[in-house]
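First chain written, first letter: the chains are A, B, C and D, and each begins at residue 1.
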């Protein structure tokens, strides 16, 4: 009963079926009929014309997006706890050829306009400093909070005012959309987002993520960057097929709902132990080492998250029985 | 009846089965039990201790290997027609941070020691020129020729003498091994190769390639580079599983044999039309535009390859009936 | 009467004379007889074998040093107020090909072992994070404080223990040496420093800085990096000559003494207005906007440094009369 | 009597005087009054609005220009013997973050439109290849030939048609202008050149080159790139002053005339021994090893240039007596 990471979950049946369906001879790279459907599928989902590219990882999606928005001599505002800062081994620096990340604070890995404005104010507008060129937020955040459309909109307005590109790391975009019960459009381009890393792997996919540009003109250079980074898979149809399978019939929402519901169950059981509200599929708990050991003794696996805290992540396939058992165990602590 | 590219072929049944088998909860990234078996599996195959990493594309494998062997201020000797020069949109330059490729000639995209020595002799050993740090050859080559163990050995000896790292792009390594009927060891580390991009995608895989270091100490830095390039897939077990499935029972050899055999059938039919000997699974034919049109009219698809020439590529799943029909059609021209 | 920056000062007479002396035909780049004397001159000064390279700017010296000590996938510990972080427009990221800076706090831009250890402790030793590879400190600091040989030594010991390269940005190294009245050796290699950016431009030079490697084997790759960065000047003798002229007869110490003495005069006059002790040639003063305006009205130019503070920098050629007048003006405030 | 390189020549008196004149306190970097005059001075010289930046080396000027014209995933057409290919240790690759150079042939290091068109035709317009983004020519070439305004214009028209940026490496621009007796405007922007590396160091300067953008909007990003590369010297006035001193009174033309005249004298003496016409200040001679030894025995130094050839370079300060003696010696061979 592992609650380590949604990264570790299985791929959902629709995704597995899509691989079988796509397993025929077709054009290599992204010339196949699945890949060619991505633009239309996402344009329909978002209600606006978008450019949609598959990649194999969220790190690649994030870094390609940032490279499209920020020159080598620019900087990217993000939260100090952002995945792009802490968990990608400098991929944004690699892809942007050395841009800097400008780190802000904020509870639960969330940034607000005051924080961003204050950060921007620390930068002198001279050639001795890299100039901010983009803002990147994660929704849902690395701590399981969500930005509402209004919050994103406020940041988006700031980006427009300060001429910053706006990127959303949506590794758990589905969980955010489900949590907010909002439209994907309201949470993104209508709120000023230029590029979205739309995550599928954590949500029941096998090996595919989508990079969505709401300014389709950002696509062209990115196609070269993707190839050059070794991310133009020769049998790209297997990535496109996964993504299409999850869009069809709203599997992506169904999966996220399951993960969020499991998290909600655990959150309810946790009560005062919660370090942060549970708004998506991550739960941060105050637990003593003894309590953590007790939970593990019952067969539950999870990460310690600093002293006296633990992180649990639910996923699309979290077993309801295991979740219920864990909820009870937490309540019993 | 498409003979465009082995890139476009389907994934073989064992690979598809391996995905189903790996589709359970496990550790993320490369901490899972499949990924952990790679070193041992390849060490056994090669009869020496190797470090083996999965990546999603041959471009990534090649570029990571080259970055391990060549500093940003070095250069890499390769053939003018090498995939790393012509078909990776500068990925080696991206991953090495700007190393130069030093281009040699040679029939069928093959280099020999004379050519390499002559190229090396053009470089002044001063700081105004990037200094050669690596040699990269492709086996089987982009034109379907193979380097024998003896030929590789000769180049390997030159590399040792000149202190060059030695990389083999083995996108079609299986086809070369089968063609030469030699041991993988003889064709690689015993001949001085330091790093091998061991291709699976063109040979019946779905999305996995192996990067093999015969100097295992090259692994450490590469792990960071792989992550930083966005090539550490979160569900890496699906890549490892594909590779293991193709090693098991020598599926990789079986698949390559099928492709090579199909090519041999076409080669025999082609006779004097062959531009180059057919030693793997690529056939280069002299055909007039009218002849090419005639073949296409019969339902065969392939690339034109310069004026009066065509390229046909067979794959593990080339339909024997289609191959026979095509052979007859070629013979009839 | 400008106290903006020692960057803006004139070149000292010995430097100007050296240019005339070097103005004859000689070998280009660094093959001339001045450039060839650098290693010996600095080896003598430091009492150990060093490799010494001229470059035209401190930014280049710092970045080349860091590139020699840190791989693209590494990180560099430095102070949040370090020049390499704040005033080089990402040059370290450019030269290292995307390494990250890991920022610590500390009064007056000084780091101590506790701070550095704490920073290192925030890094997980996995491939998802860049691993610390170097420590960079500035001596004298950007706020005019100095690290004593003991303090440097403590950091050097930590570097050895944690396998970090150790770089000292010595844009104002002369001011530090004079302030501490210590030997250059004690402040550098004997304390564990691997590479020193030895500044001359702020101290009466025209356009030359020296990059000193106490591990001479770091030179080789750096020669290529210097050329590749466009920093191998064709008439390098003019840089070498400046440096040699300042080493000869200890002009570099004489100049720094003058700058430090001027600063001390101002510091004494400032009394409680000092934000930080004055240990080199920078003075940070608490002054109200009205007071700052009053000083400016008397003809003194300087930078505001945040609300209610001002920075004054003295230099080798600060006019004693102007300094005395300014000291009196400050005392009168 | 050294005829190795104009790189090794002395700085001319006007340049030395300019350093003395600029040796007073002023604003650091490029905020001083000399630096601020560059735009106007070059705009006047070229008869159009230009942006003019000083840098310390031709390599930096070339690389910054190319980075302004070519993205990391682009390629730059140049001659196989171009300085940017052969003598800058990959600086263009460093500054552009990995663009490729696409190498053409042509006598005397000259490209023509046929060659460039043929090179462009080798590139597939797909994402698997870097797409040509710029053309770079050297005028006068590395072999001492010049491109006429008409020849540059023809290449410029091709650049416009193919949407290529157009860079001229003018390390010996003065020698070309003098040789052609044309206006600087006719040889550059009127012929379609976007960026010019205007050389001063080889022509009597000490350490300054000018980077001229005929599309001034290319300046902004370049200012950041220059800083980031460590090429924003703190006392930039000393570079600007050199350049201004050489523009004033047409010192740059006077110096180039002297160098070209010396070369012409040698060329006349050389007669049939000339490998190439002498159109600027470089002479390539057919000389046997014995003959070369004989010249050297008379005190003349120069580079061998391949078997049976020698290169001699004259400079602004080539001693007329030495030139005459050498001419006689050559004639006597």
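One rule holds for everything that comes next: a contact is a pair of C-beta atoms (placed from the backbone, for glycine too) under 8 Å apart; a residue touches a chain by one contact, two chains touch by 3 or more.
Predicted model only: the values in this text are computed from it and were never measured.
Chemist: Using the touch rule from the top, work out which pair, C-D or A-D, shares more C-beta pairs.
Modeler: Answer by contact count: C-D.
Chemist: Taking each chain's centre as the mean of its CA atoms, how far is chain C from chain D in angstrom?
Modeler: 34
Chemist: Calculate how many whole Å lie between the centre of chain A and the centre of chain D, each centre taken as the average of the chain's C-alpha atoms.
Modeler: 50
Chemist: Using the touch rule from the top of the page, what residues of chain A touch 2 or more other chains?
Modeler: Chain A, residues with two or more chain partners: 72-73, 88-90, 94, 97-98, 127-128, 130, 224, 227-228, 232.
Chemist: Think of each chain as a node with edges to the chains it touches; is that a line, ring, star, complete or other?
Modeler: Shape of the chain contacts: complete, all pairs touching.
Chemist: Quick check on the complex: what are the chain A residues that touch chain D?
Modeler: My answer: residues 71-73, 97-98, 127-128, 130-131, 221, 223-228, 232.
Chemist: Any idea which chain B residues touch chain A in the complex?
Modeler: 2, 4-5, 7-11, 16, 19-20, 23-29, 55-61, 63, 88-91, 94-95, 201-202, 206-207, 224, 227-235, 238-239, 317
Chemist: State the interface residues of chain D toward chain B in the complex, per the touch definition above.
Modeler: Residues 72-73, 75, 86-90, 93-94, 96-101, 127-130 of chain D touch chain B in their complex.
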